[in-house]
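What follows is a pair of complexes built around chain A, which joins chain B in one and chain C in the other.
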Partner chain A sequence: MKRWPALVLLAAMLAFLLRPALFVPLLAPLAPEGAPVIYDRAGLLSLTLAHLALVAGAMVPATLVAVALGIFVRRPAGEAFLPLSRVVTGFGQTFPPVAVLALTVPVLGFGTWPTLLALFLYGLLPVFENTLAAFSALPPSVVEAARGTGMTPRQRLWQVELPLALPLILDGVRTATVISLSTATIGSVVAARGLGEVIIAGLTSQNLAFVAQGGVLVAVLAILLAQGFALLSARLR
Partner chain B sequence: MIGLHNLSKHYDDLRAVDDVSLSIETGSVVAIVGTSGSGKSTLLRLVNRLIEPTAGHVTLNGQDTRDMPAFELRRRIGYVIQDHGLFPHWTVARNIATVPRLLGWPKDKIRARVEELLRLLSLDPATIGPRFPHQLSGGQMQRVGVARALAARPELLLMDEPFGALDPVLRGKAQADLRAIQQTLGSTILLVTHDMAEAIRLSDRVAVMRAGRVEQFGTPAEILSRPATAFVRDLVGEGERAFRFLSLIPATDLAEEGAASGQPLPRTATASEALDALIWQNAEALPLEGGGRISRAALLRAGHP
Partner chain C sequence: MRYADRLGLVLALPLIAGFALPFAGLRPNRIAAPVAEWLPHIFGWPAAAGVALVAVAALARSPLRLPLAALAVAGWLALLGLGASRLAEDAPAYARVSPGAGFWLGLVALVLLLADALARRKPAPVARLALLAATVAVLALVLRLWPDVSVLQEYAARRASFWAEAQRHVALALGSFAAAVVAGVPLGIAIQRTPRLHLPVMNVLTAIQTVPSIALFGLLILPLGWVAANVPGARAAGIGGIGMAPALVALFLYALLPIVTNTVAGLRAVPPSVSEAARGMGLAPRQRLLRVDMPLALPVILTGARIVLVQNIGLATIGALIGAGGFGTFVFQGLGQTAPDLILLGALPTVALAFAAQVIFDALIDLLPGRRP
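Up next, the complex of A and B:
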């Protein structure tokens, strides 16, 4: 895999976040006459960091829960819960995040929490399904050897099964993270801080320059994160 | 001494293992031979409790194996499988160290033991030790599998078709190496194979299995000379009985006084190898390294019970 396109992208994004003025000529044609070209109601860098924090805040617990659930339903004690878990995680993914926001704002109030919940539910399925697939794909002779050498179930899990399943699980985390990066933009509807704020401001003031900078930033973040995950799971394989 | 007492494993109506009793003397090799699906692997996995029996039990040096946790039992029993089952994310050295680490041996003792085993299996510790399993040849993987099973000096070694994945040349070499290692270490081995020739070559006693039951349990000579059932006779095969019989006899047992010309036979040769050499060199007799000779007449006399 060639690394330099991602590095160029990263450099361009950092330049934009730290010196947005440099990009004014590029974006000016998209902004209405006399309107600001660069979003100015909050720093783009701080919004980007808030956006990433939102995604991380949802994906870290979603990953832990989904992996733990995936491991649990493969144990004899958890087998009975497999169909139910599939329904629940599948529902979390198919239920539109906007609807989650609408339903939870009355309970959780405006701000970060409803968005975190929506992203968390959305992220469960890809990680859960990949965890199941990763554990089914373990070579039977390796699992047999792990038992045959006298590892306890816990030692088998931590020393053999999880390390071998990790690359495939990470692929699931990557999918979920990339999706939630763009999904997180709708959080701004309920006043969660993030890059969605820039896009929505652009829509309401008919400033395409805002829409473009918010949208491109989210897209670039998604590409860079996907590359980062791919690099990590290649290293683990 | 390992005892299998009336072991049975039933899957619904299928009797995978059906009332099997065997004993394995300490320091001896017992081979289980049978066609595919006769219950060999199931029997082996009952011994280290990878599966629990429907009935019966196993004793390991007088101890009932039901009286200890299964994982503790398995650390006392080496287990070698056809596909090796090496841990792909660990180096060869770390793979071999598996059971000693589980047992909490000190680090330097583990390192010394790993090196000793690599040498025992003719693998260079400096070059092979740090490799990962996918960087090994089939023969090397097989030997690492054996080294891992031997690491914690197990009281019993279970081997399920350990040479099944090797080509015929490597297999012959691996069999000879195993026999040599077994004699050096005095290991107790229960070995599963579908190859009667391999069983006869490697073991002190052979158990012939069919449909979950043991049809005959005896020394290789007994199996060859007095097959208990038609099934055992078929498994032995009519074609090479005499050669197999001769392969059980050391050539030195047939040595007589006197000299002969021709390429001398090594003292480790079997009678079958001696006959092969004799026929090939078209000789009446061949000298034995270190004195004495072996005659064609003596070989022909020895070639049947």
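Up next, the complex of A and C:
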């Protein structure tokens, strides 16, 4: 994999976040006459960090819960829940993110919490699905061999099965993270702090320069994070 | 464990919470805070005990779980309607009855129970379509009992615009879906045949997916506004920077990746021996593609199409932010007015539509010749 495009992208993003004034000529044609070109109601750097914190705050617990659930339904104790969990993951994805977000607002009110909950719920599915797939794809010979060497079930899980399943689980985390980076922007409709704020401000004041800088920042974050995950899972394989 | 299984025991928890938490909320007006109403308060203790009995019977381990769970779900929904009418009787005219936390938790428990019972039977594709039709029929009946539930009051207040937005929503989702299939399948075939194109096309399509939907919808305002201003006849054809056009284009762009990926994957999965045999029989390349490769790749391509249709039904809600209409209109209006009922009026049909699309498409894929359900 070539690394330089990602590094160039990272450098460009950092330059934009730290010295946005350098990019004014690029974005100025998109802004209406006399309107600000760079979003000025909050710092882009702090909004980017808030955005990432929102995604991380949802994805870390979602990953832990989804992997634990995935392992649970493959054990004898949890087998009773396997058919149901497959149905729920299949149909869970038919719930549009906006609907999840909108439906959590009446329960949790406006702000960060409904967004966190929606991102958490939405992040569960891909990770859970990939955990199930990863554990089904374990070579039976390896699992048998581990059993043959007298490892306890717990040792087999931590020392053999999880390390083998990890790359595929990480792919699920990558998918979920990219989706939630984009979904988090919708969170700004319910007043969560993040880059969506910039896009929404652009849409309401007809300032496409805002829409472009918010949108491109999120897209670049998604590409960089996806690259990072791909690198990590390639190293683990 | 003779009378209970693990699933029934676990689902008993949300069901108990369903009885313990307020079943409905009575609000003096549309946006006021609700006064909690519990199931026994609404219907009296004997009736509440009867309801609990049916629910417990459905939870118990028995061959009757499927019909009991179906009955319990329909009954639970009907109860909300009946309860709302009862509460509305002695309330002022502007009062609203909306579903409470207990109703939602109980509904989730019962629906999960029903879903599990159904999944274990592994119904054939035709049976799944019949079940969907039956569900729609039962829902239509149950909703007749709901005239005093707040969501339906929101509906009654904007009946005409609801169906207009529904039409726009379906037009947005289906129009972009059809365009993506028409453009995406040939594109997939083309890049499968010229490997040189594969990586650049995939990179562009993947990059599009990373742009958040609200930004992509917004950014298309500019080029489409330019087209409307400079291409004769474009404005007359309804193309403009605001409205349906940018939403359709954005949904189309998002839809391309799954279609192209699955077309390529489907064609790649055609066994080389089959292609060779077709070549040996003297079929021309075009005949080979249409008569051999495409039929074999069809299930995978249709799976991509299903993903796209379900995704577009959901994403079409965002269109409301740039004036494209659709069910998103109600969602965002509801968020703006902090009116949960209005949010539900937009969100519930969207979810139902996506759900139905998934069931229908999955059944159709399984009905293809040569597929075993």
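Operating definition for what follows: the second predicted complex is superposed on the first by the 233 of 237 C-alpha atoms of A that agree within 3 Å, B and C clash if a C-alpha of one lies under 4 Å from a C-alpha of the other, contacts with A are read in each partner's own complex, and residues count from 1 in each chain.
Here is the rule we use: a residue touches a chain if its C-beta (ideal position, glycine included) is under 8 Å from a C-beta of that chain, and two chains touch if they have at least 3 such contacts.
In this text the structure is predicted, and so the values were computed from the model without any measurement.
Trainee: In the superposed arrangement, which partner chain does A:126 touch: chain B (first), chain C (second), both, or neither?
Mentor: neither
Trainee: Looking at A:96 after the superposition, I want to know if it touches chain B, chain C, both of them or none. Which is it: first, second, both, neither?
Mentor: Touch partner of A:96: chain C, not chain B.
Trainee: Going by the contact rule stated at the top, is it chain B or chain C that touches a larger number of residues on chain A?
Mentor: It is C that touches the greater number of chain A residues.
Trainee: Is A:147 touching the first partner chain B, the second partner chain C, both, or neither of them?
Mentor: A:147 sits against chain B, while chain C stays out of touch.
Trainee: By the touch definition at the top of the document, which applies to A:160: first (chain B), second (chain C), both, or neither?
Mentor: The first partner, chain B, only.
Trainee: Show me the residue ranges of chain B that touch chain A in the complex, using the header's touch definition.
Mentor: 48, 50, 71-75, 79, 81-89, 98-99, 102, 148
Trainee: Looking at the complex, which residues from chain A come into contact with chain B?
Mentor: Interface residues on the chain A side: 139, 141-152, 155, 160, 163-164.
Trainee: Using the touch definition up top, name the residues of chain A that touch chain C in the complex.
Mentor: 30, 77, 80-81, 83-84, 86-88, 90-91, 93-99, 102-103, 105-107, 110, 178, 181-183, 185-186, 189-190, 196, 199-200, 202-203, 208, 211-212, 214-216, 218-219, 222-223, 226
Trainee: Mind listing the chain C positions that touch chain A in their complex?
Mentor: 5-7, 10, 101, 112, 115-116, 118-120, 207, 209-216, 218-219, 221-222, 310, 313-315, 317-318, 321-322, 328, 331-332, 334-335, 338, 340, 343-344, 346-347, 350-351, 354-355, 357-358
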